[in-house]
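Given below, in the form of structure tokens, are the structures.
You will see chain A twice below: alongside chain B first, and alongside chain C after that.
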Partner chain A sequence: MATTTMSPGRSARTTDGGSPRPIRRHAAWTPYAFMAPFLAIFITFVAVPAVFGVWMSLHDWDYMFEVKPFVGLQNYLNLFDSASAAYQSFWNGMRATAIFTVASVPLLMAVPLAMAILLNRRFPGRTFFRAVFFMPYVLGVAVVGLLFRFVLDPNIGIVNAAISALGLEGALNALGISTPIPWITAQPWAWISLVLMTVWWTLGFNTIIYLAGLQDIPRELYDAAKVDGATGWQQFRHVTLPGLRNVLLFVVIITTLASANMFGQSVMVTSGGPGDSTRTALMVILGEGLESFRMGSAAAMSYLLAVFLSIVSILNVLMVRGRRRR
Partner chain B sequence: MSLTTPAPQAPPGKQSAGGAATTRSVVRTGMFWALLAVLTVVFVGPIVWMFLTSMKTNPEATSVPPTLLPEQPTTAAYEGLLRLDGSYPVLRWFYNSLLAATLHMLLVLVAASTAAYALARLRFRFRGGFFAVIVSTLFVPGFIFLMPNYLIIDRLGWLDTIWALVVPGAAGAFGVFFLRQFFAMLPDELEEAALIDGANQWQIFTRIALPNAKPALATLAVLSFLTNWNDFIWPIYVLFSPERLTLPAGLRLLQGAYTTDYPVMMAGAFVASVPVLILFIFTQRYVIEGVARSGLKG
Partner chain C sequence: MNRLDAIPAHPLSRRRFLTATAAVGAGALLSACGGGSSPANPGASAPAEPAADTYDGPSVELEFWNGFTGGDGPFMKQLVDQFNAEQDAVSVRMTVMEWADYYSRLPAAVTSGRGPDVGIMHLDSLSTNAARNVIMPLDDVATALELDSSDFADAVWSAGEYKGQRFGIPLDVHPLGFYYNKTVLEEAGLDPEAPPMDRASYEDALEALKSAGISGHWMSPHAFTGSMTLQSLIWQFGGSLFSDDGTEVLWDQDPAIEALTWMVDAIHDGYSPSDVGQDADAIALQNGQAAFNWNGIWHMNSLNEVPDLEWGVAPLPNIGGTPAAWAGSHNFVMTTPRSPDDNKLNAARVFINWVSRQSVDWAKGGQVPARTSVRESAEFAELTDQATFAEQVDYLRFPPAVPGIGDAFEDFDQALNEAVLLTKEPADALRSAAERAAKKLEENRNRFGE
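Moving on, here comes the complex of A and B:
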């Protein structure tokens, strides 16, 4: 706190415990008045629901019924009991979300890093290209989903049209891939489509975060590495990657969180299909809670998914920390 | 220098090959620009394709092989969608989206800036505790709040109203966290001078802190508008009446109704994209600055 010699009279009055407070900055209630609007919203829509959600998950909370009996951990135990109604759909959803996360997170770590390195040099139009690559991110998932449902259509989509126009059908057939490719209606193509369209859509976000991180790495480190005869790859391995360690940790955590939230792409492009193969955990949770109105069970599902996510995040932190020691 | 640039000192033995080195750097520069051009097509192409398709007739849009440019450009898809007496109130959805995103943005600016000011500049008990709790929610997955918040919205009588879209998202920690950094950087001397002149904290907040944080406020305004405009999960569950939907929720309805009318669907998608694309083009500096800063906390 800054101390000044001004208004000594006031200073004498408000001094307590020997630390001089020359200026009375504000009344005791002022900070709470400033905090009030945010706190009111925060308590209503974050703090209360966090506790209320646990409470719901411990009850047979059916929106349609007046009586909501306490059932203890039954909603959670049901998710581990293969005879229960929720078991099959929940673990099918968890599997779908896991497949999507495992497939998309590495791509969303590596491709944006390559893009950031590409953009991290001085050239005319740098700001322009940065904005161009970020542009898909400002579109909503509903727009992106509609667009890719059309672009990837097996019969009339431009992707399959481009494959045949470029004469790639023969090459694909030689690899054992039958054409036209069923991008939406058969696996593994549905997953490939959903992962690639998500990379297209969200890659700009991670690229910008990496770019900010790259600009924080001191140039002298690269100069020193070059004097020591380091190749481009060695500079990347021993200067760029260590310099980005915290940024990488941040990116892997938020990307995992975002992938676990996967919902709109499956709803708009594959409707959860083919079969139930792309019906993600979030689709299952929302179906259970807001379509079948078994909200206690849905709350239990969402807490279980959150627990899985925090385990993954902790593993990520440990992995990055572990590398630091070596 | 960037990694792809060759080292300025050529290794011994290659020194005589100055011409070759220049050729190599020309080739590298050429490849660099070619790569940028390809990437630009990859990222902008689908958005352009959306617009081109919306200007076609349905037989042309679904023809194999496809035509690149519309052979008989038509605005029929837009005319059908934007008619006031059409089967889907797309203009109404547009208005709902605009109103919800604007009100949400204003609420975020008020709630986040006042709280961030208190946490950055004022002294009170539990200040550190408040801040820690708020920031910790940045890493809590949002889906755990879906069920309880649906019931809270129900109790408040806000289901199927615009308030369900405007208010809950304003509890996000990002705005508070983001603005607090700016308010904390304000020099103490400025505040003290104002106090001596008899200003109270509200006056310091509105006349000194806010004007000094204008770029940060602009960033937060754009980001909160974009997030709300594009929100998908929440509106499709808390809104029921067709005339109260937002554009993303309405697009899902359109997809169900016009499964094979691609120009209409692309026109709908384009109507939902234009405002955010225009906003982004004019404010891209703020958006990108905001995203870049969100990574610094990591």
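Moving on, here comes the complex of A and C:
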């Protein structure tokens, strides 16, 4: 099937065989000209700093000092030496980032998928609801963070006020949850709040991607499945999911990277607290590099984080691909 | 550096993420400018001429950066406008940004030659920035302006010096003080005009408030205002955060443990709710849910804007036995220019001197003037709330002038947070934070070549 629908142009050209020379529609440099603006920005702001960062990470780097002593791999070794000042804060940050990623990615995969399937049905007001669910995503992290800091405040926040106004305290206490709930000042509540708030804030983005993917699955496949007597779940399992495989791969990688880069929510809502339990790797790196100005050490941390993220991304690809082979 | 630097003019105006975004931007900028040669440092040897009151060179434009984003901003803007109106040859352009943003951006701007000519810094940032060659010595300015130590509080004056050179001209002092809600005190049967000023009466008052169903003093686990409260208490209990030379961390010793335990006990005893959120302590006072709040002098602007709020201020109550209160101070600094321009330097001197003399107008924005002569003037005495804060001037305490001292406060704040959120015992929290901070201070000593 694929061979018949794909590349009619090429087969036409070779079979007609009038001219062996392909028609040239553009100059040799045209693609590069189109890429140039992006390439210039990419090289200036990504490639050069990335290479320069490696150089930086091998030094005790403070750009205000004339002398930036070469320290070899010391900045990296410090991150594995429990006696150094950087060790504890860095690995604590990595742990916080890992907790957030593991907790948020499954939700950010599943909830938007369910949402997309619902919003893909025909019902009155569908466009309105699509806009509504996407809307939080257009807010900046500043707005969302400040909003939730007050909404979730344990003593003066509206959520706890609502709980007590609705008389839900008794029910919660019966479940072993003491009230008022310390949403942002005690664990595990702080993580629960940050994850749920992030899901609310960003689910619109993944929903849109899924919706586009769903609309690409040919209707005939569903019709054929119905003729074969497939139930709703079976249609989902054997038509929808396989049809979304490439979309899923994209979403899982993007979402994992976005979650691993979590920063603003912690800064705004919990300030890294309680203690330093929600101080993510990015907060640690920023503090090290641009507040304490130990930029060599911060660069080393960034590269270690990048290595971890590459490994996770490769694992994600292998997982989704592996399923395809089966 | 993140904590004391980010003095807000308004409790809600702190948006550190903005900082962060800007800082990332600054980072990109740095990489772009590569090796970034250090700017020339004209040093203290420049002549102490000319006279400080007037500038008669060719016309110059001065860039002036600061972080007065809150209620204090308009007061500074007004001073700058007035200066520009009075001067023909000098025009000052003021740029305001968040403090934390300012501190991470300034070094990059100075390195690339796009920095301001004049800036404002908190006194605990002076030594770090002096060591990093962001700002230049001002001994000649101090001499030309005929400033001398006798006109300034000792702690403020000496904190502006680093390695024997002067880097900051003090503009103001902003201490922590005691805010109380008169209506709430009355409800609990307490005298709204005589707030408790020592430990026994303070605890009695908290007990009376508790009987009236009010958590009297909300203990904040956050840098604002908890950290400043704890620091004040540590000094009151006879302790200190650091040794005088800033080399040793002392907040794992008994006075600090006593101070933090007092805060935590307030929660156990029902004088404070647990899990107080960021700014919730200040808002509770406004809402009449709390009677007391230890907050910075800048906070009075916010309270003035709340209609029908009956509130008063007093010096901090003496809980520990020794009178002491936390304070910060804004200082004028001049950034290290890439290519020194004598006209600009002279114009900057005139500007700094002029504003320094107008500091009563500045005090109206919620500050205590740094100059003793201004502080003791009749004009300042008319600002009764500010003058009440200023009563503490003899026992105000500032962090030591050691480069990189801000790094240690991160750990201090974490200990406070853990203890006040009841996840760790005060002594444990302080001890492990002190260990971490000691490592950082040691690394900083090597780095700054102390």
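Operating definition for what follows: the second predicted complex is superposed on the first by the 282 of 326 C-alpha atoms of A that agree within 3 Å, B and C clash if a C-alpha of one lies under 4 Å from a C-alpha of the other, contacts with A are read in each partner's own complex, and residues count from 1 in each chain.
Throughout what follows, a contact is a pair of C-beta atoms (placed from the backbone, for glycine too) under 8 Å apart; a residue touches a chain by one contact, two chains touch by 3 or more.
In this text, all values refer to a predicted model and were calculated from it rather than measured experimentally.
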By the touch definition at the top of the document, which applies to A:M135: first (chain B), second (chain C), both, or neither? first
By the touch definition at the top of the document, which applies to A:T185: first (chain B), second (chain C), both, or neither? second
Return first, second, both or neither, reflecting whether A:N261 touches chain B, chain C, both chains, or no partner chain. first
Quick one: classify A:P154 as touching chain B (first), chain C (second), both or neither. second
More residues of chain A in touch with chain C or with chain B? B
Based on the superposed arrangement, let me know which partner A:N120 touches: chain B (first), chain C (second), both, or neither? first
Using the superposition on chain A described above, determine whether A:A110 touches chain B (first), chain C (second), both, or neither. neither
Contacts for A:A85 in the overlay, against chain B (first) and chain C (second): which applies, first, second, both or neither? second
Go through the superposed model and pick first if A:L286 touches only chain B, second if only chain C, both, or neither. both
With the two complexes superposed on chain A, say which partner A:G273 touches: chain B (first), chain C (second), both, or neither. second
Go through chain A and flag every residue that touches chain B in one model and chain C in the other. 44-45, 48-49, 52-53, 63, 141-142, 146, 149-150, 155-156, 263-264, 267-268, 286, 289-290
For chain C, which residues are in contact with chain A within the complex? 1-2, 15-18, 20, 23-24, 26-28, 30-32, 34, 36-38, 100, 103-104, 107-108, 111, 132-134, 218, 221-223, 273-278, 280, 283-284, 287, 289, 404, 406-407, 410, 414, 417-418, 421, 423-424, 436, 439-440, 443, 447
Considering only the defined contacts, which chain A positions touch chain B in the complex? 1-2, 4, 6-7, 23-26, 28, 30-32, 34-39, 41-42, 44-50, 52-53, 56, 63, 115, 117-118, 120-121, 123, 127, 129-136, 138-143, 146-151, 155-156, 158, 161, 164-165, 200, 205, 208-209, 211-213, 222, 226, 232, 235-236, 240, 246-247, 249-251, 253, 257, 260-261, 263-264, 267-268, 282, 285-286, 289-290, 295, 298-299, 302-303, 305-306, 309, 313
Can you check the complex and tell me which residues of chain B touch chain A? 1-5, 7, 32, 35-36, 39-40, 42-44, 46-47, 49-50, 53, 61-66, 107, 110-112, 114-115, 117-119, 122-124, 127, 130, 133-134, 137, 139-152, 167-168, 170-171, 176, 188-189, 191-192, 195-196, 200-201, 205, 226, 229-233, 237, 247-249, 251-252, 255, 262, 265-266, 268-269, 272-273, 276-277, 279-281, 284-285, 287-288, 291-298
Could you list, by residue number, the parts of chain A that touch chain C in their complex? 44-45, 48-49, 52-53, 60, 62-66, 83-85, 88-89, 141-142, 145-146, 149-150, 152-157, 180, 182, 184-187, 263-264, 267-268, 271, 273-276, 283, 286-287, 289-294
